[in-house]
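Dumping the structure here so I can ask a few things about it.
Note that the chains are named A, B and C in the order they appear, and that numbering of residues resets to 1 at the start of each chain.
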């Protein structure tokens, strides 16, 4: 044992840009309450990659530690966690906040203590406020809502649409963008309806939609609402094609809505097909082995954030927060979901977006951009 | 259990030891906090905001004996007053203290507007109506996008400053909150001892008898509602200024329930009890943070245990500030 | 147009009957203990989880389950939750029976928090798909679409509510419960076993709530640890609207609330000329609740309870 320690010490002296020090990554997301599922499965994706990384000896001898905290999807809790990460010198990158609303209140704190973050909130406004210490490794909602609108108009030949949103930052934001793109492309927006984020019964809304008979319905919401809506839409006899954002890209969407009820529904995601690359298929398999359940809808992004971190550490000149920030802004990395790099406000340079159609038990790729 | 046992005779029993210990610990904690890390200061700030809210709601629940489950609405009024008057949302940038004044008046106004129709209701019906009112305010804030920004909320609020001194760091807010809590607690404590406070106590003990001896119960209840709303609104302003962001999810029904719980677990009708309740419900989950959802389970079970073992709260109504002061100065 | 009206009416009846099953539990507990049981929504959630557990242990695959097995699991689950309800009353509320009025209510908040978190720890926080107890057949009624599940829920709910009505009004046990509801001290003086009445209420309330939970999970195809919170609040609102303490009131309040919600979604945008969208549905429900209480302070069917039991007299 002693021999190994001295050996690894010797190696680390020889290898040029290597640091025997550990780095800590602060993870903040909802781990309790109704959104706990999203937060914990997203974090699990990251942990999966980091455990692999550490098992292989880390990056240049640097192992990665994780400080995982619960922000309860509450802005007030979020600021406490942010301050905790800021105060802890060992934390060099924050992987923070599932909710754009929480990110809004924590980003100023991270900015003040110069702690770089990989932000998960996809609201376009986040990168437009001049923050220098953030990057966003997920496509913002502009990208997420363009492809489905184009596809509906050109390929489905849709003339009319109804937009439904859950009156949350994400759902409302992305469905507004869809509506704009759809009208800009010559379609007619018949109505915009809102439901409460806690709603499970959409039958009343659907019976009203039925009277207007739209060609497509865009639903800006998250799981499990997406599945509930799809199921009830079918049961209420609404014939339109349902388009949903990335939350629907999970086997749960099909199983919870009921197989027959989601056939033909379209899902827009930033991720390429699960079986498109061996990397993603491999990820899904490893996830199931490690955590005993299917990967959550956002797990793949956590995994990708692990890959980004690996690339940053590989090329880092040091392990300070400033080094990490430079590293994040300059990173060029091939991940499980494709090549990623950031522009000067921290937004993805090319935000790939894919459109899937539910076909049997699977998602079939039908368009990409 | 909760008899108003504040007579002079009861003092020698506990002696002066408890008040002296409480006092020394309190001074030590107050003096030490600014030297802690920013995270700890933020935790204490959160605690102080809840104490302020607790003092406000306690007037209605603890003094006047009315169950209000929509208190968070007033908190929202204050927070959004700051959000709208100190940000680019409407392009208005008023000074902090002026907004405090506006929010206090607005809170009072909303309190009276709500109070006038609902105060003839009693008990549980009052509780459900105030709950409905709290939900209505939250849904309105979430839906009136052109004014409040809807679910996105209002970000990048102005930094607060008082007479040219910028209040931005956690420690600045610590002092601001400490001074505010002290002033508000003193005023409220004096109110409780005033004629108005006696009227509240009479209403709490027996509303019909109170009316019988010539107390204008409607006005006294309205005064309780308005004072409590004013304090809630001021707490909202400070909350918004310290977060520099407001959004509807901070004003959910759970917040109202949390404040009620804080008061009851700590000791209803007693400012010291509120501090104890806040320490348990706000501080404990933070201390146990690493236990993730287990801490919430523990909190739930602890709540049941505390209510069964001490139904009148951790600090009895009789152990109020005056007891502390008398114990200290030997009178 | 007629089709839409029929479809919306059936939708409202379905939601209303699920609300009613839960609202009955709130109202019965209130009747005997004058206490708002905030943990009641969790009985609804437990019902779904208990049935799911039963299904996965005894059947595994719902496709192969016969009607008898499903019925057995349904009743097994609701009875189990009824017993849990009795146990909770013994542990968390009974010691507080002579305490302040607020104490048991807050204790029930603690129970609610513990149950939700407990299930979250045991079964995971994620929503889980729930198999349907009814075949997914759609019927076309004069242009409106109605599903067999909805009809099944309506029938099941009405059978259960009729059962409760018979129990309360036509049985000896019901007399005891009604006597204690009327006046606990008097019932005690007359030698009525108050504990038995309270246990009976804490058995049948959670039982109906659990039945509501199973029907709900089966209708929407999903269950989650937090499912009791939202629906619990709505059922509670319905119970108050109808007049808390009154059993017919809870049923009436539930259907009124469901119709207001459906009407809010369907008519609000049209009536307000597009100013108020569907997002104001809950504002409408709460406004109606407040207006009803201002006119009839004890709810629609509630008898104005005696001053003594309503006022927070020397209570905290």
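We adopt the following convention: a residue touches a chain if its C-beta (ideal position, glycine included) is under 8 Å from a C-beta of that chain, and two chains touch if they have at least 3 such contacts.
Keep in mind that this is a model prediction, so the values were computed, not measured.
Just to note, of A-C and A-B, the chains joined by more C-beta pairs in contact are A-C. Taking the mean Cα position of each chain as its centre, A sits at the greatest distance from chain C. Centroids of chain B and chain C (each the mean of its C-alpha atoms) stand 32 Å apart.
Separating the CA-averaged centres of chain A and chain B is a span of 37 Å. Multi-chain contact residues, meaning those touching two or more other chains, occur in chain A at positions 32, 36, 167, 194, 196. Shown for chain C are the residues that touch two or more other chains, namely 117, 120, 125, 277, 279, 282.
Multi-chain contact residues of chain B (touching two or more other chains): 139, 142-143, 293, 296.
Listing the residues of chain A that touch chain C in their complex gives 32-34, 36-37, 40-41, 167, 191-196, 198, 200-201, 203-205, 207-208, 210-211, 223-224, 227-228, 231-232, 235-237, 252, 255-258, 260, 293, 296. On the side of chain B, the complex with chain A involves touching residues 37-39, 42-43, 46, 139, 142-143, 150-153, 155-156, 170, 243-245, 247, 249-250, 286, 289, 292-293, 296.
In the complex of the two chains, the chain B residues touching chain C come out as 1-2, 61-62, 65-67, 117-118, 120-125, 127-129, 132-133, 135-136, 139-140, 142-143, 204-208, 253, 257, 260-261, 264-265, 268-269, 293-294, 296-297, 299-304, 307-308, 311-312.
If you check the complex, the residues on chain C that touch chain B are 30, 36, 91-92, 95-96, 99-103, 106-107, 109-115, 117-118, 120-121, 125, 233, 236-237, 240, 244, 277, 279-280, 282-283, 286-287, 289-290, 293-294, 297-299, 307, 310-316.
Contacts from chain C toward chain A in the complex involve residues 1, 4, 7-8, 11-12, 14-15, 117, 120, 124-127, 129, 132, 136, 138, 140, 144-145, 147, 149, 220-222, 224, 226-227, 229-231, 261-262, 265-266, 269, 277-279, 281-282.
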